[in-house]
Each structure stands twice: as structure tokens, then as C-alpha cells.
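Same chain, two partners: chain A is paired with chain B first, then with chain C.
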Partner chain A sequence: MAVAVDRVLTQPGRRPRIVRAQRRAAGFLFVLPAAAFIGVFFLVPLGLAAWVSLHDWPLFGATSFTGFDNFMALVRDGAFWRSLWFTTRYALLVTPPIFLLGFALAMLANARAPGVGLFRTLFFLPNVVGFGAACLLWYFMLNDQYGVINAALRRVGVLEGSLLWLAKADTALAIIIAMVVWKTAGGTMLLLLIGMQAIPEDLYQAAAVDGAGPWERLRSITLPLLKRTFALALVLSITGSYLAFDQFFILTQGGPRNATTSIVQLITNTAFSSFEVGYATTMAFALLGVLIVLSSMQLFLLRDSTQY
Partner chain B sequence: MTERVRSLLSRRDLLRVTGAAAGLAAAGSLGLPSAARAGRRAQGEPVAFWNRDDGQVLVEPIVAAWNETHDVQIEATFIPSEQFVQKFAAAVAGGEAPDLIAVDLVYMPAFAAAGQMTDISEQARALPFFGQLSPSHMRLGTYQDKVFSLPFNADGSFLLYNKNLFRQAGLDPEAPPTTWVAIQEAAQKITAAGGGASGFYFSGSCPGCNAFTLLPYVWASGGDVLTEDGTQATLTDPSVKAMLEFVRGLWDGGQVPQAAQVDTGEDFFNAFTSGTVGMAGTGAFSIAELKGEYPDIDFGVTPLPGREGGQSSFAGGDTIAIPAGSERVEDAFAFMAWYLSDEVQIEQLAKNNGLPLRTDLIENKYSAEDPRYIVAGRAMSEGRTPYTEKYNQLFNDSGSPWLAMLQRAIFDGEVDEAIAEAQQSFTDILAG
Partner chain C sequence: MASAAGTIGAPPRRGRWSPGLIAFYAACVTLAAVFLFPLAWTFVTSLKPTAEIVATPPSWLPRRLTLEHYRGLDEVGQGIVRYISNSVVTVLYTIVGTLILSTLAGYGFARFGFWGKNALFVMMLAPLMIPFQAIMIPLFLVLRELNLNNSLLGLSMIYITAQLPFGTFVMRNAFASVPREIEEAALLDGCGQIRLLFQMMLPLVIPGIVTIGLFAFFASWNELYAALIYLTDEEKYTLPLLLAAARSNPGLFGGTNWGGLQASVAITMLPCLLLFVALQRYYVSGLSSGAVK
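After this line comes the complex of A and B, so read on.
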């Protein structure tokens, strides 16, 4: 019944032209604030940035139009590609553990048990810590003399002496990934938990009646119906990883020997340390392009087709 | 005070942008059409003076002293050190540049070359003490024979040593090392004396700290990393290789604490104040800090030596300049001249543990009480500073080829490869 009424109301041609025009005008008015906001704070700066990227635009002094020279230079810029590859590697390495842990925590936190609220809070807590503060915390925990991480590893006998985690690119990357997983898995858990709780309970009951075990229920109900949530969390996680800055800036400063320079750090360095705003903006555009492509691919691969 | 100089040395001139979107927006806002328009403050309003926040302790009393005795008032604004250049750039782009800025001297060639500073050659050269102003500050403040800035504060690097540890190791605390071999031997003895002490310290992941404290070893040995005009890299100079091998030897021999490798500058000075480091390069700020906060540490200061002797120093610090387009050039310059006068230099600066900016005032009634200030003052007056518009890219940046060279040579032992790589990067940057 409701559907039928709705259809009548929206059926074209059934209403006088003037009412439709009014409705359309009202619609425009309603979206206007949001559109104006996006226009002023996103599209205009984006347009300006596009303009800047076509210039030799130093932080100080005279600018000159150089067309696509910056983009041509970017293609040949080894530092840019190394940094992009490093960031990609980081995104690929950090995302699976975040998801596995986030999913496991969500399963645990989804249980109906006394005190589960407390655990949800605990799992989510690291997410509330500011990224900068978390990095500094880990910086001190990683200290070879008084840091708790080396001390703990020595205690369980994994380590003798002390390890300078940030001195080598591999161990630095490994420990930064561990930190980021600790810090962000709770956020992914929260997203997945919301998705899980949106799955109607009767599906599980029906499956139980049909004799499906826990594994079957997970595979046939939870995972397919979480697809949309997964897509959201994945896009957020990959985008976040590509925009990583604080952890490398604070913990390694992009070192040793530039081996952990993330792309955003390279952009900031180029703009504010080398004073080449035009070229930095070009890099930012390239990154934007990469992110658009990656996000579209993810959304396409995880497009929602599961219905029950 | 530590904070002030730490960031003076381990400059991280990076705006904390947390995403590419923010980066785009930032670039976009800087992208507003800009000519170096002026800070339009009419006569009668205070002169706007921008400083780094880490200089606040030094600058506030001086500005207060000026304001008490002059009709023209100065309004000091303190900007977080690591954001100074960006904030200033944004102000210039927005037509809101201040009338006076105090900025790290290494930036002055770049600022002057970009046409951001007012030419003050005429007024400056008329100053009776023009010839006595800190030479390195004046060199960096001069671009194409025009003077754009005057010295504001000085910090020459020198070698700090712990006399207690020297005694423990059986070394004469009044005869600090004057050659690299002597440093090496002293470091070995201090480390060997035990008690958890290390002979030597440097911040292995801090580009600025090491420009400040390791470049002088090269200079004192007769070499340099850039040509005089700053247009060519000269890292293939044998004294660069010798310096790298010298520090590599200290590292390899265990004279340096392991943690130095990952120190991005946080422990540049703290390592020494822990009382477990025998020798470390540092700057004048450390004297006041050690005297005030660490009275238990009996320390001495001595020049950074060359390979076989000689000495040099990195002349660091800030210069004071008038941004292009200011309508208050006369008032702003009056403050600069007043600041550099005998009275203010002695009774404001030297009295409060600062270094006078004039070579004729290094020896004064306050430094006579603590001759360590004379060593620091000499370090400033005889010090050098690389003159290049690309200072950040070459040296100061965390991704700089300078730091990459040090790390590869010292920690990985690939001295020749490190030099070749850095020489190439320097050449590319200087050409670009």
C-alpha cells in the first residue's frame, strides 16, 4: 500500500507542471547550503590547487606559468615513486591485520555476555588517543634503555640486549604497523560491529533451525551481509594509509635514509621545506588520482549484491 | 631555553598536514594571487615584530625595555618555531606581513633572493659598529651586495666536555682535545672507565644538529661542502671523507651510545645533561642551561678542532629583517640599531646569559666572570654558515642528502658510496 501511494506521488505527468517546478526549486534550496559548503571549501580550493600545479610556484616570490612541466617532472622523479611505492607497501601491509583483528574483536564484542560493553570500550579506547600522542607514547616505549617494549621482549626471552627499532627501515616499518594496528583496529571493530548488529537476528535463527553450524552462519550470513560495511571500512583504511603522515613524521622522520618517507610527508617537505608549492601541489594531485582509482576499484569489487 | 635552541638546531620546518586534502587546501590558500604586499600599519600603531616562540624568554624583556623608553611601540608576536616560515609565507601572501621578523639566518639568502626583504644597506652601513657585527650573520644577510638583515641572536657551535668524566678516565680536565686523534683517545678512555659512560655523542638522525656540530670539523680541516658562492657541491673534498671516517670510527669503536642512531634531536642536549656523555658538540645556549639546571655537572667548553688542529664553528642564530613593503621601515630600523647598541648588548643580552652580536663586545664585564662565554663568543665571531638558498633541502630537511650521507657513512660504513650519492644529490638540488 505504502509503495503504491509513493509511486502515485512521484509518477511524472500526474501533477501540474508548476508544482513540479516548485518542488524542484525547494529541492535545490535544501541542498544549497551543503553545495555551497562543498563549493567554497572543496571545489574552489581544488580549482586553485589545479591552477597552482601548473606553475613554478615558490612559497615566496614570483610565480611563473609552466604548463604541465611539473607533471612531466613528476613522472621522472625517483623520490616521488619511491615514496609512493613505500606508501603502497605500507597500505598493503597494514590493512589485513587491521581487518583481521578488527573483525575478531567485533565478533567478540558482538557476543551477548555480561560485561561486553566494558570490552567494547577497551577495544575501542586506543582509537580515541590522538595520533600524535600515540606516536610519542610509542617513541618512549621503543627506547632501548628504558622502553617497555624491549624490556618485555627481554623478559620473555625473545631478545637479548636491546633493539633499536627505528634504526632499520624494516623493523621501523614493522613496529609502526604494530602501533597503527593497535591504534586503529578498534575503529574498524566499531564499524564492523555496527554492520553485524544490523543483520536481523531471525536469519541466524532460521539458519540454526536448518542445522547450520557457527562456521556456516559466519560464511553464509555474516560475511555476505557485511560486504557493504567491509567496503566502507576498507576504503577508509586504504585512504587513511595512503595519507599516513604523523607516525612516520614523529617516529622516523622518514628515515633512515629516507626509507620510510610517506607520500604526504614528501608533499609537505616539498612545499614547506623546499618551498616548491607548485610542485608539491602536483604531487598532491597525483595522490588524489591514485586514491580515486583505488577507491573506485574497491567499491566496484565489493559492490553489494547480496539480498535475503 | 633548551626548547629554543633544540628547534634552532633540529629544525623540522614542516607544517603538520594530516592529509593530502588538507595539503591541497593549504596549497590552495597559499595560491591566492600574491605580490609581496605590505603590512599596512599606519604610523602611530605598534610595529609588528614576529619571532619564533623559543626566543620568547630572550625577546620579551628586550621589547619591554624598548617600549618603556620609546614613543613608537613594538608588538612582539611569537610563532611556533617549526611553523614560522609557513606562517610568514601565508602572511605575505595575504598582505599581512609584519614590519619586523627575526628568523634563522640560514633562511636569509632564500628570503632575500625571493624579494621578500627590505634593502637596508644604506642605514646599516651608516651604523658606527657596522664592521663589528657578527661576520657570518652579515654574510648570510647580504645578497648581491645589498644588506637585508642584521644579527639578532647568535649561537656558535663548540665542543662541550664533562670534566668529571675526564677526571675519572685519568684525563686532564683543563687540557681538552685539540685534534681528532685526541678526541678519539679521550673518548676511548672515558668509555673504558666504565660506569655506563660514553665518550662521545651526536644525534644520528638529526640533520640540523649535525650540520651545527659536524660541519665545523670539515671547515677546521681546511675543507668545505659547498663552494664559496654556494653554487657547487664539494663533498668530494678529502676532509669530508676524513670527518666521516673519524665519526664512523667513534661509532664503530663503541664510543657513542647505541641510541644516538635514532635520536632525531630530542636528546641532542639531554644526552649530555644525563652526565654520562664525555664530549658532545653543542651551542652557547647550553652554558646557561647547564649552569642553571645542572649545577652538578662540571663542564668545560673548547672549540671544535680540525683533523690536526685548528678550529671552527657553525655560526647559527637568528637575523632580524624588515619584510618588503612595510611602511614602518624607519621605526623598525630604529629598533634594530637600538638593539645592537653597546648598552642593550651588554646590559640586556650579556647580563642574561646571551651572546653579544658584536665582536667588539664579546669580552665584557659579564663574560669576564665566566670565560666559557668568551670561547662561545669566539666560536660565533670566527664561525661559518653555509650560504645557499637551498639550505633546507641540502641540510636541514629530515630527507636531506646531508643526513643520508652521514647515516650511510657512519652507521653502514659505506663512506665512499655515501659521499658519491650525496655529491650527486647536492648537485641536482643546486642545479634545480
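After this line comes the complex of A and C, so read on.
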């Protein structure tokens, strides 16, 4: 900016110091509205969260300061740990298929062939559909009587009669994972594709000249140079899985017998069904801590010092 | 398009129907069918008469097309038009707010020096590090204090805040890539700061504006969690909330009503699909600006 300011300042008839001060004020005013939104709707609630978690804070009525009692209670709360473990299991189960499929899709979509752009679009389409719509769409496909999934399984002879997918925790988790993979693999594809296309082509040409086959090029060029993209996609996928709510809220409603209650769902129920806002906020803090630790671990493990 | 050379089973550059190329297209077509089928099935189902929807085995292609399920959505809750317009209003608030705030902030960060600028920029990006789910409950208390709970305006305030880190970031980069000479000339001509921004700079950053508008659309049109917490009156429900409610309360759709349910899913999906297909270039550029940095 210095250049422009200096040129303006050299204009005759302008008083430099005032112009510079005006520009400073103008810059601040441009930024102010957005900063105010972040302040009121993000920083204030964040500070409030810390304060609320130290209280017995019902949704309605009087609050009382209880220090770290909520955190102590959390350590002994079986429901919290069960839900955290369930969410962890979900994150561990859903991430590998998303990555495998996403990577395969990216390899296909990165090929130089006519029509490949169309396929890329088609692979990505389920991503732009919201979870609400996706869940209700699958809810019908899962129906025991009229759903196509049971019909298809009967057709190929794997299934006799009908299967109530959402009635058992294991089949419910399996089918929710299938839905999430269907919905999100295209997003991982797109991220990996962006990473692949940033790899300079001459690396591949040089490797080909040196006699490296396709597998060799994949192993020693594509995969190492995608490390940073993998790290980003992995953090997004793990964080997203830990924050999962919609799919469990809609499809299983946390059941059967609370076996599929995700951590965000438990937090929400604690605040708005049991009205324990203070304790729910304490849980949210614990989840935030878990996420920060996990994200830093992933970024550390996939840290990248490669230059190219 | 780089590096077909790095792709396993990649087709040769000049297309002859080699086995590799056939395998490539077979894989693409199969996967595309898997991804497309559920979407297509919703549209097909929503256009079938009920007798065909509940037939076993399912009729793959409708023998008769009907719009009865779409017409029947008038009877759902307060009528589907109410929920569509709730969603549209929320999305419009969100897009307009996000565009105005991100454009102003992006311009300020790209072109001005002021005290505390770097600290403010870090603050703007803070929500990227801390997910909104972690502060949803205290945020509810803030909205209640401001009398913005149970209102579409209040809900869109949250959506705007959630979009601001990305929006500010994209717009700052967009403005930073405009050559400075344009502004210098205008400033020397005595053009005011506001006029300069809206008349000269804005047309040059249209791609950035389309990108953040598109992301704001998807985020607010599809959002369920915040809507569920902050909207309590059925007449304020947005479309995702209507769908979620339909699962827990089938009575909303007049009992089991697969046709109506799939019709409302179709209505919710269609704008997303159309907008993405039309504007995917901007979507991808938004994603890469986030992914590369």
C-alpha cells in the first residue's frame, strides 16, 4: 500500500498526515462490521462458554457458581464416555472408505480422456445435497418393505424376507457409514484432485524417462507430494465425523437404546431436553479439546517439508 | 489437467479403444451410476403414483407420471410454500450479509494499513479453528439476550458469521490481485473511497463474489443443526428442518406418505444440483483457494 499512499501524498494541495490518518481510519471502518459479527456471534459465546461451564446453569431460572464441579462430573459420566467412544468408532470406520474411494475417484478424474469432466461432476453431485435431504432419501431406500436396498439384496439372493436396517445398532451404523461415504467421497476426491493437479508434470516426465512405471510414479511422486493435501482432507474428515449430528439425529434418533448417540447429539439433548446448559457446555469444551489434540496430531504426523 | 502420466490405467493420449481405455470408462460409468442412482431414485419416486411407489418389486421406471405428490405438499404442515419461503428468506439474508461484510472486510485487509490489522485478521479466521457446534449453546443464550432467537434473521446472523472467515479470506485475495494502478489513478482523480470500491473495484472481483455467494447458499440452504436449536415455531421451519421433523413426526405429512416425502426431498435438492452444475467452476476455485493455503 505504501506506494499508492506515497504517490497520493506527493500530490500538491494535500496534507500528508491527515490523508494517512484518514486512510487508516477508512481501512479500520471497512473491516469493522465483519469484525463486530465475529465478536458478537463467535468470541462472546466462546467466552461465555468458559463462564457457563463453571456454573450450574439451567436453561431457565437462576444460575449458581459451582467451580469445576461440571468437569469432575464429566470424568465419571458413563453416558459421555459411551457417546465419545461411539463417535470415535464412527470416525475410525467412516474415514478409511471415504479416503480409499476418494483417492480412486481422484485418480480416475485426473486422467486425460474425453468426458472426464462430466464424470468428475457426477461423482461430486451428492456432496452438494444437504444431510437433511440425503437422510430422508436414504430413509426411503432403507425401508424394509418398499426400499430398493432390500429389493436389490433379495434380487441377488443375499437376503430373504426383509431387513430393518435401523432397528439394530450395527446395521444402522453400517448403513449410515454407507450413506456418508456416498455423500462425501466426492468432496475428498475434489481436494485430492486439486492437490494432484498442483504437482508439476515434468516430474512425471522425468520419472518416465528414467524408466519408472505407473506404480513407481504413484508411489514415489504422487503419494509423497500429496501429503499436505492428505493432511488437510484427513483433518476435515475426522473433525466432521466427530461433529456428526444430522445423520444420527434423523436416521436413528440416537437409538436403538441410545447406542448410536453421537457426542454432539448428547450435548444437544443435555442442553435442550434436560435443560442443563452448564453441563452441556462443559461437554462441548471436552469435545473441543479432543478435536484440537487430534488435529494437531494429524498435522504433526503428516507434516511436510517437501519442496518442489 | 495435469499428469495423466501419473494415473494408473490411464488412457493413452490419442483415443483408440484399447483395453485400458475401456476399463477406464467402465469404472467411470459404474461409479457415476452408484453416485447418481439415489438422487435419480428420489425424483423418479416423487413422480410415481402411490400404487407404484409401494409395489414389490419396485417399478424401476414409472409407468405413469404424476404431480399429485407435489400438489399434496400444500397440505403438509403450514403448506410447503411457507417452508420454501422460510428457506429462501434465510438464504437471501445470509448471502446478502456475507457478501457485504466480506467485501468490505476483504477490501480493508487487502488495501489499507491500520493499527492491529494482523491481529484482526487472525481474529476473523478464528472460527476456522473452533467449530460452531462447540459454542452453539452459549450462542443460544446470546441470541435470546438480543431477542433474535426463533427468528430467521437471527439464524442467518449465525450463518453469516460462519461464512465470514472464508468470505473475508477469498475477498482479500481477490482485491489483492487487482493491479494497484487502477486505484491510484482513481484516487488521484479525487474519486472517493466508497465510490472507488463500488464502481471500479467491484466489477473486477466478481468471480470472488460468486464463489462466496455460492458457498453461502449451500451452507444456509442445507443447514440443520443450528436451525433445529434456534427455531422452535413450526411456521418458521426451513426445508431441512421440515425433513427432519417428517422423520420423527410422520403425522406432519399425513401419515406414511413416501411420495410427498420424496417430493419435498426433491424440492430441497434441486436448487443445489442446478446451481452446482451451472457454477461449479466458482465452487472449485473457492475450494482450491482454501486448500492450497
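One rule holds in what follows: the second predicted complex is superposed on the first by the 266 of 308 C-alpha atoms of A that agree within 3 Å, B and C clash if a C-alpha of one lies under 4 Å from a C-alpha of the other, contacts with A are read in each partner's own complex, and residues count from 1 in each chain.
Just so it is clear, contacts are C-beta pairs under 8 Å (C-beta built on N, C-alpha and C of every residue); 3 or more make two chains touch, one makes a residue touch a chain.
What you are looking at is a predicted structure, and each value in this text was computed from that prediction instead of being measured.
Student: Going by the contact rule set out at the top, does A:L159 touch chain B (first), chain C (second), both, or neither?
Tutor: Neither partner.
Student: Comparing chain B against chain C, which has contacts with more of the residues in chain A?
Tutor: C
Student: Applying the document's definition of touch, where does A:A284 land relative to chain B and chain C: first, second, both, or neither?
Tutor: both
Student: Looking at the overlay, what does A:L302 touch: chain B (first), chain C (second), both, or neither?
Tutor: neither
Student: So in the superposed three-chain picture, is A:G61 touching just chain B, just chain C, both, or none of them (first/second/both/neither)?
Tutor: A:G61: touches chain B, not chain C.
Student: After superposition on the shared chain, which partner residues are touched by A:L294: those of chain B (first), chain C (second), both, or neither?
Tutor: Touch partners of A:L294: none, neither chain B nor chain C.
Student: So in the superposed three-chain picture, is A:P45 touching just chain B, just chain C, both, or none of them (first/second/both/neither)?
Tutor: both
Student: Of the partners chain B and chain C, which touch A:A169 in the superposed model: first, second, both, neither?
Tutor: It touches nothing on chain B or chain C.
Student: Just checking: does A:T268 make contact with chain B only, chain C only, both, or neither of them? Give me first, second, both or neither.
Tutor: After superposition on chain A, A:T268 lies in contact with both partners, chain B and chain C.
Student: Can A:P256 be said to touch chain B (first), chain C (second), both, or neither?
Tutor: first
Student: Using the superposition on chain A as set up above, list the residues of chain A that contact both chain B and chain C.
Tutor: The overlap between the chain B and chain C interfaces on chain A comprises residues 41, 44-46, 48-49, 52, 131-132, 143, 145, 243, 245-246, 249, 253, 264, 267-268, 271-272, 277, 280-281, 284-285, 287-288, 291.
Student: Where on chain B does chain A make contact in their complex?
Tutor: The touching residues are 12-21, 23-32, 36, 85-86, 89, 92, 110-111, 113-116, 205, 258-259, 261-262, 264, 390, 392-393, 396-399, 403-404, 407-408, 411.
Student: Would you pull the chain A residues touching chain B in the complex into a rising list?
Tutor: Contact set of chain A toward chain B: 41, 44-46, 48-49, 51-52, 57-62, 79, 131-132, 143-145, 162, 164-167, 242-243, 245-246, 249, 252-258, 261, 263-269, 271-275, 277, 280-281, 284-285, 287-288, 291.
Student: Considering the complex alone, what residue numbers of chain A touch chain C?
Tutor: Against chain C, the touching part of chain A is residues 1-5, 7-8, 11, 23-31, 33-35, 37-46, 48-49, 52, 105, 107-108, 110-116, 119, 121-126, 128-141, 143, 145-146, 148, 151, 154-155, 182, 186, 190-191, 194-201, 204-205, 208, 214-215, 217-218, 221-222, 229, 232, 239, 243, 245-246, 249-251, 253, 264, 267-268, 271-272, 277, 280-281, 284-285, 287-288, 291.
Student: Quick check: in the complex, which residue numbers of chain C touch chain A?
Tutor: My answer: residues 1-11, 13, 15, 21, 24-25, 27-28, 31-32, 34-36, 38-39, 41-42, 45, 53-58, 100-102, 104-105, 107-109, 111-115, 117, 120, 123-124, 126-127, 130-131, 133-142, 157-158, 160-161, 164-165, 168, 180, 183-184, 187-188, 193, 218, 221-225, 228-229, 239-241, 243-244, 246-248, 258, 261-262, 264-265, 268-269, 272-273, 275-277, 280, 284, 287-288, 291-292.
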